[in-house]
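Each in structure tokens, the structures are laid out below.
Here come two complexes built around subunit A, the first alongside subunit B, the second alongside subunit C.
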Partner chain A sequence: MSLWRKLACVALALVLGASVAANWLAPGGYARQYREATDAPPSHAHWLGTDEIGRDRFARVLYGTRISLLLAPAAALLSTLMAALIGGLAGYLGGAWARMAMAVTNVFLSLPWLFLLITARALMPLNVSPLVSVLVTFMLLGLLGWTTAARVLCTTAGSLRTSDFVRQARAAGIPGQRLFWLHVMPNLKPVLYAQFWISIPVFILSEANLGILGLGVAEPMPSWGSLLRELEGLVSVGEEPWKFVPLILLVVVVTSFQLLLSKQEEVAA
Partner chain B sequence: MKHHGEKSEEMANRCGKAIAVAVLCLGLLLGHAMAQGGGELRFCLRTEPKSFDPLKVEDDASAAIRYLTGGVLVRVNRNTQELEPELAQSWKVSKDGRQISFRLRTGISFSDGTPFSAEDIAYTVQRLMDPALHSATGDAFRSGTGSVETKVISPTQISIRFPAQVAGLDRLFDQVAILSERSPKKEMAVLGPFLVADYKPGSSVLLKRNPYYWKTDEQGRKLPYLDSIQLDIQPNRDVEILRFKRGELDLINSLDSEYFDKLAATSPQLVHDAGASLDSEQLWFNEVSKSPIPAYKKNWFRSANFRRAISEAINRDDLSRVVFHGHAQPAVGPFSPANKFWFNSKLKPQAYSPDAALKALQDEGFRMENGALKDKDGNEVVFSIITNSGNKYRERMAVLIQDDLQKIGIHVNVVTLDFPSLIERMTQTFDYEAIILGLTNVDLDPNGEMNVWLSSAENHQWNPQQKVPETPWEAEIDRLMRAQASTSDASRRKEAFDRVQEIVVEQEPFIFLINKNALSAVSTTVHGAAPVILSPQTFWNAERLTVSAK
Partner chain C sequence: MRSLRWRIAGHALALLATLFVGGLLSATLVRLAPGFDVDEQELDPHLNTQSMQALRDARHQDHNVLRFYFSYMKRAAHGDLGTSLALGQPVRTLLRDRLPLTLRLLAMGLGLAWLLTLTLALSAAWLRLSVYDTLTTVVSGTFLCIPAAVLALLSVLWNVPGSLAIALIVFPHTYRYSRNLLVKAYSRPHIITARAKGLGEARILFWHVLPVVAPQLLAVAGVSVSLAVGAAIPVEALCGLAGIGQLAWQAALARDLPLLVNITILVTLVTLLANSGADVIGHMVRGQEA
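== the complex of A and B ==
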């Protein structure tokens, strides 16, 4: 393992550890409003200052990290499973199945996903708790984010279907289901892992995009997206560098994932 | 005793000083004259103007251009809020409120030199009231079926008769820019201080001084002082602020409280807080009987005691202080105290008292169980508040209200939606529980809000388009609004609308939260600016503004 990958692992472990320990590190919680100390600079009481309505920014960063880091992999898992089901199976079956699956995938790929997410968000019931809203947001991301991975898996499964060892296995009389689970799936695994790792930073950024539009996780729950909205006012940010912390954290985490991902890609190749 | 040589030197020194003083004085005079007679004012329009036809104005950008270029018969003074003569020397509204007669000034020409006469007013009014034009300005005059009759008595006299009474008739002419009947330039021939000289779509509009403008100042000098006004089309507020800070813009007509404070921190002399504006922000509950929300929630929302308790539990001072950085006032009712004549001064903002709110709810049969409020049937009091995404002030207000109501055991879910989805829920499906939105008032007269307060109106947002009023108090508001609209007696109108305000405050169909302050920024190079609360806040006296060299 290279030094950079080790550093990436350490960075991810630190960030994840701090977010898991949020209750202990920031006992005040992410929703408490210190209305007498709004938009305050960093202090002993508030390490990263407070936001516009007086909530402790450090607590919100920790809890927001927890949400983004725990739910983005969940959404990535969901999208990878869907991609495996649709793309992998279609590639293995080939012929009309593959053409049909790819047609559906292409239709999904041509949809403007951001508008689709906004529409889906607008159709959701209103009276849901912030926890449900965050789960639904990431579930939507997972349900809509399988298409690229499905194409990759379809192609890989298609080439496996026509590979010599699968032909030999088929000629030896191994039935279809057994052939799929025993010979095809193990060879798809590295690609599945790679797709899973690729999706995580994509979903983190997607949620951040939705958050910037005000359509992500419901208040008062924080997420990286809602925290990044503070950077909207270009005029003010230069004077308040501590507001960049969520952005720096996002860059560190996404970069760390990319560094780890390059290892996965090598394995997949 | 001084030598001859010394005397000559002294003489030369004195001459030199005298010349220097003379040059300085001349320079100052020239500078002053240049400032008086020249200069270009630069500011931003936030959107592309949709029309240069003053009768088709629907957006803020077009309204700004109409204000700067259009000549009107009468003008509401944005500072005193009084109606003043402009193209009309005098006017008279008939007792039945259906007819208005104007006596016009003489010797006035449009910007292309075409003479102005009563025929032009007749032409403008006929065009304004043409249903095919779909003029929003014209809609304000429509009070009954039938056509509008214009009678040109002489080139300087005209009377206009409407099919039914139009309340506040004379003030409505503040929005009617007179067009020329005979000019080949049609709507581009104007009577206002400036004319549209150039338009680059998506980029800018250049206004130049109207050489035929009729007004002069107290010293007899021709108005306007400015040579031109450069209006850059710039939707991005951050860019607008940066350009203002760099000196590329001379004013910002409307400023957010956040930017106001940032500017004030570095350049307090540039920012102006004119106090509470006419704009309000409010929360309301869905009271539509056919809405798809549970019946028990409808019962809460249709209870005046419930609404009053919610209102009492909201800390408006904190909304003003925290969300708007103190640049807003706790709202009282339908009209802001900024509306000097129509505001009912007996009304006071709802005091914040969570204890009193909880007691009122308990009197209604609600009870607190493990920190959660439940109604008499055991339903936990939970509802959602929606607002439009991207409006950070409304989102913050919603979060503060969420926290305030949590203190009396009410759980609020805050949902932000894109604006079209919100409007669809609000006006088509009625699938919502509570909304935070604002009302932008451009009209001082309550008739401008008939479409809100009449129970049959589309914008009667808590329960719109009722066939018959569903509550006695809404029936009473209908009666009072019609009564004030059917008389031209100002004191009777005021009496009726005062009562409307009282009923609204008692029943709280809208829980008025705050009135935003009118905030603006004006460069020190602009002279004569006196920002006010009425739109256009900073350039309402554009004809008397001057810009000195930067």
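== the complex of A and C ==
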């Protein structure tokens, strides 16, 4: 493992560890208001200051990191499973099924990703409880993010369908369903793993974009997207540099994923 | 020539099919969206039972998704795209007023992105210095890790034009592929031989490298249009530019579904046309080369 990959692993472990330990590191919680210290600069009591309604920014960053880092993989898992089912099955069945599945995939892929997300998000009710908004946002990412992976899996499953071992298994009388689950799916695993890991940083960035545009996780629940909305109120970059901490964390995490994924991308290709 | 015609016909057919399926999908989603059958007019205390019933009857035909979609298509064919619920204006007027700004923004953003991409990718392929290569990879990688909306916010803070923000969002995606393509093309034996024989860099580029990589670069160019259209939403929304991207964002926030469906179809059309155009031109270039 190269030095950069080791550093990426350490960075990810540190950020994930800090977010999991948010209850101990910031016992005040993300929603508690310190009304005597609104919009305060960093101090001993509030390491990253407070926001405009007096909530501790450090606590919000930790809890927001936890939400983004735990739910992005969950969304990636959902999208990978959907891709495996749609792309894998279509590729395995081939013919009209594969053409039909790829036509639907093309419809989704012809729309810019962020555009598709805000359109679909707008179709859901916007004034929902914070917890529901978290689930809706990440479920949407999972439900819409399967297309690229499905295309890769359809091609891989298509080549497996015509491979010698599948032909032999079919000739030996193994029924189609059993053949798919026992022989085709296990061979799709490396591509599935790669697609899963590739989706995580994509979903983290997408949630951040949705959050900044006001279509992501609802207040008072923090996420990287909602925390980055604070940057909208800045007049200059050097004015309150501590407000950039969520952005720096996000860039560090996504860069770490990219460094770790360079090998996975080769597998996916 | 015949294969080119077939290719164009195939793309036109695929475009129509995608628009049809995409429109039907959008109409279905609108029909199934929560709050579809709610009309604020019904809250008016001045309306009597008959008026309320008349309002419900008027909406009754929208209950069937297919009928809803076909009546929309019929009206759209006559140039009536409906009325925006949030802005109370005809969708056609809204799109017509805002389209020029978005097209200008996209053209400038894409132009800048490709200028940056080709400059950096060509210099990386020419120089073949690992330090320079690492530096450009780090720069593009960093931009790849910053959300598009943050780049839009930073462009407001630094008072730089929105087209530059679009360029910086698109550039990391196009740079990566273009750099790999050009480096691979420059390492081909006939290019090395041409260099060894003392052929000028400009001649090598225009006669031997570009004809080889042009079809793939054109394909990336087609994809970059889709990336730029996606980037236009945060850039226009956060930089206060009254274009289609800002309209889409406003429609999403107000759950203005008729407007959103029309923008979706327009965006699908633009991205499909860009991809099809790139593919057809790429095919022509390949044909000329052969």
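We take it that the second predicted complex is superposed on the first by the 241 of 269 C-alpha atoms of A that agree within 3 Å, B and C clash if a C-alpha of one lies under 4 Å from a C-alpha of the other, contacts with A are read in each partner's own complex, and residues count from 1 in each chain.
In this text, contacts are C-beta pairs under 8 Å (C-beta built on N, C-alpha and C of every residue); 3 or more make two chains touch, one makes a residue touch a chain.
Computed from a predicted structure; not experimentally measured.
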item	value
A:R35 touches, of subunit B and subunit C: first, second, both or neither?	first
Partner chain(s) touched by A:N106 [first = subunit B, second = subunit C, both, neither]	second
First (subunit B), second (subunit C), both or neither touched by A:I118	both
Partner chain(s) touched by A:L126 [first = subunit B, second = subunit C, both, neither]	both
Winner by number of subunit A residues touched, once subunit B and subunit C are compared	C
Which of subunit B and subunit C A:L205 touches, first, second, both or neither	second
First, second, both or neither for A:L228, with subunit B first and subunit C second	second
Partner chain in contact with A:A218 - subunit B first, subunit C second, else both or neither	first
Partner chain in contact with A:I53 - subunit B first, subunit C second, else both or neither	first
Residues of subunit A that lie at the interface with subunit B and also at the interface with subunit C	118-119, 121-122, 126, 213-215, 232, 234-236
Complex contacts: residues of subunit C adjacent to subunit A	14, 17-18, 21-22, 25-26, 29-30, 32-35, 141-142, 144-150, 153-154, 157-158, 226-227, 229-231, 233-234, 237-238, 248-249, 251-253, 255, 257, 260, 264, 267-268, 271-272, 275
Complex contacts: residues of subunit A adjacent to subunit C	103-104, 106-107, 110-115, 118-126, 201, 205, 208-209, 212-215, 225, 228, 231-232, 234-237, 247, 250-251, 254-255, 258
Contacting residues of subunit A [partner subunit B, same complex]	31, 33, 35, 38, 52-54, 118-119, 121-122, 126-130, 133, 213-215, 218-220, 229, 232-236
In the complex with subunit A, residue positions of subunit B that touch it	238, 241-242, 245, 258-259, 262, 318, 321-323, 382-384, 386, 389-390, 392, 395-396, 398-400, 402-403, 413-418, 421, 431-433
